[in-house]
Amino acid sequence: MIEYTLLAGLLFGLYFSLVGLGLNLIFGVMRIVNLAHGDFLMLGAFFAYWLFHLLGPNPLISLFLAFLLFALIAYPLYFLLVPRLLSARDPEMLSIILFFGLSQVLEALAVIGFGTSERSLPGQLLGHGPVQILGQNFPAAWATSGIASALAVVFVYFYLYRTRLGYLTRAVMVHHEEAVSTGINVHRVSAIAFGIGLALAAVAGVFAPFMLGSITPAMGIDITITSFAVIVVGSLGNPLGTVLGGIIYGISLMMMQTYLSSWANLLPYLLLIGILLVRPSGLLGRQVRRA
Amino acid sequence: MPKALRHVLFTLVPVVVAFALLPSVYSNQLLLFNFVIYLALTQGFNIIYGFTGYLPFGYVGFFGAGAYGFALAVMHLHFPPLAALGVGAVAAVLLGLVLTPLLRLSGAYFAIANLAASQAVFLIVSNPNLTAITKGPYGISLSGVFSPGFTYGVAVAILAATLGLVIYLRNSRFGLALQAIREDAISAGMAGINVVLSRTIAWLLSALVAGLVGGVFAWYISVFYPETVFDLGVSIFAIVFALFGGTATILGPILGVIILYGIYNVIGISTPQYFQLIYGVLIVGLVLFLPEGLVSIFKRRGIDVP
Amino acid sequence: MSPEPDTDTEADTGTGTTGTGTGTGTAAAPLLRIVGLVKRFGGFRALDGLSFHLKPGEILGLVGPNGSGKTTCINVISGLYRPDGGQILLDGRAIGGLPSHRLVHLGINRTFQVPKPFMTLTVRENVEVAAAYGRRRPGKTDIEALLHSLELDSHAKRPASELNSVQQKMLDLARALATAPRILLVDELAAGLNPAELERVGERLKALAAQNIALVVVEHLMGFIDQVTDRVIVCNAGRGIFAGPLSAAIRDRQVVEVFLGAEDDGGAA
């Protein structure tokens, strides 16, 4: 029982790392809060659902299409919204409201396009039969999602630490003002990070029908909060931190569901508040100003 | 203070008189009641966000606490409604006290943590394990105290008190101190302001308003579910109405409620998804092009907005 | 507070006090005494046993290379950081770790290197709120005169966000002065000012000292330090390595070593 819980927690943890990753990247680079993160994930899920019914391909193909499509949409969206936002007096605060508005737009569009009913995809799409890991049986969909999530994290790691653009992205994360003054094209770097962030949300969405059950246009806000719990537990602006947060979150969730199931849905909220209160200085992006 | 008196005469008096008289000429009292509720809630939000700068995404938590405080006092303690209203207010203020540590967080962290807190309270109240106390997810029925005519009057009185409070903040040193904290807490400390105490008072006042409003809401409709009174939409409406009109003013939130909630009642109920779409676009446009709200149009022309 | 008129003290130090500042032998008792102050950030000791004292009407300069602990010292004295060791004594009473507003009420105030005035409030409201909340005892701050003396009176009704950076510095100073401080900590007020403004600000600080206010001035511009201070503490790695007049400091071998390279900048400015 405990082995099963821990391993299932690990698989879900990897998936939750992917769920939080895009939000973390965008916050780290732009210091803006994408409150529509969960809605982009929801759109990714509906995109996969729609592709399946239209063309019937394996969701793993949808994954690449979703990544490409959302990255391409996000790039101009960045220039439409973010530069103007960043020039305001308190961009971090205003971003919450702006992206809340965007989340309303996305949710409304999803309702108009797909209706309000719950949708789901058959789990067999991600492989047949149970998969054995260390003597425990898991649905193949869980294993596939977990592995794909791990690959996505590795992808982001390589982007940030092994490419020139990634190097510049990290420079913008750590020293925004200095990056501007050294002539880095901050908006281009940020727009690409924004694109990757939304694309990762969409990729996580492709797996949502298998990992989170059915999908609805209204699922966005809960996902956004879960993502926040994950990245706050880990550490902001660091993809490896997101993995830590995701795994802690996944395992705690499985433990709660196994041993305290009627209170399990409280977990993300309590975890989020608890971590913020216990370790605010380590997790807060904003430090005491240099007087 | 003549300026405060002007604010009372030009904002509080017309709004309160209008909503006190409207039921005699307009029959949809529920709609008027909802306007009163949102006028008061939006001003309560204005206290903590407009004056102090904390964005309470989970503001609805206080509303829900007020509603449940009222309901539990009526159901279990058999309190008369007005006393139960006090219990609702106390419940909201207590929740505010419990959440006071969140004020250490800044910006987005506070907003997210507060949102999480209100969701947590909702999940606790609606948990089937607590059915004996809160009736869990099955909802509350208080038909014994149902009395819409009187309750409407109580709601208008709460609105009047809330407007009075905001007028006080707009014209007092304490209001100025809160705004100083909003602008920069460190400089505010060096201006001699007790930052922690002042923002806690603002936070609790804001919770008190939402608690009273939640209580009177429970009283008025008397049958409700946890989702009704912990609906995130309530927070969102209050936030958007206030921002649309312009925070840290008295008039801004009033304009926001009258205009946006008016539009909502015209098109939002029949086709909610299109309303949501327009709403979303409006919010995005507002942040990008008019981040200080409608009243900033007047302010830019040098007009002193109450 | 000492009833002694401080013009005498000024005249004394002006002619150059001998010794290293441990006992200047004047009548005024120290208002503020810093003893072995320690402040750590993780493993880094920003302040590592700094000690000095300050008398009413005195202008003390804190100089030293970047990272030597000058601004940290001001931050600790003004309550932004809690000290990790040592003592801060005001009139002999330990005040280390008190919150900022309490210190303001005890008569300590400061200006900021990067001022953050209350941007949406008007210039006048910025000063009003400090006068209302910051005074240690009931009294009336003459806001008009204060704004006038810092050349802010013509902007009184405009929001602080419309001021330029030098005006924002002056507003920050006005905010501090509105609380009627006994001790004023001035953190890099001179940076960014033109020579004429520098001259005026220097005279202004001296006038404050003449009103019996004790000042601590952190500054990189040695010319400005020379113009306004009676005495300097040279800081290095969180400790004081010299105390005395600037003219003596620049002849001190240890000081010269620490400042090697930085000396030229100071001279040029």
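Per-chain numbering from 1; labels A, B and C assigned in written order.
One rule holds for everything that comes next: contacts are C-beta pairs under 8 Å (C-beta built on N, C-alpha and C of every residue); 3 or more make two chains touch, one makes a residue touch a chain.
Predicted model, so just to flag it, every value in this text is computed and none were measured.
Chain centres were defined as the mean of their Cα atoms; on that basis the chain farthest from chain C turns out to be A. Ranked by how close its mean Cα position lies to the mean of all protein Cα atoms, the top chain is B.
In terms of their C-alpha centroids, the spacing between chain B and chain C amounts to 44 Å.
Chain A and chain C, compared by their mean Cα positions, are separated by 48 Å. Taking the mean of the C-alpha atoms as each chain's centre, chain A and chain B sit 31 Å apart. Looking at chain A, residues 89, 288-289, 291 sit in touch with two or more other chains. Residues of chain C found to touch two or more other chains are 80, 112, 116, 119.
In chain B, 186 are the positions where the chain touches two or more neighbouring chains simultaneously.
Taken together, the chain A residues at the contact with chain B in this complex read 27, 33, 81, 84-85, 88-90, 92-98, 100-109, 111-112, 221, 225, 228-229, 232, 262-263, 265-266, 268-270, 272-273, 276-277, 280, 283-284, 286, 288-289, 291.
Considering their complex, residues 173, 176-177, 179-180, 183-184, 186-196, 248 of chain B touch chain C.
Only residues 53, 55, 57, 101-102, 104-109, 111-113, 115-117, 119-120, 123-124, 127-129, 186, 232, 236, 239-240, 243, 273-274, 276-277, 279-284, 286-288, 291 of chain B touch chain A when the two sit together in their complex.
By the touch criterion stated above, chain C contacts chain B in their complex at residues 78-80, 99-101, 104-105, 109-110, 112, 115-121, 125-126, 128-130, 132-135, 172, 175-176, 178-179.
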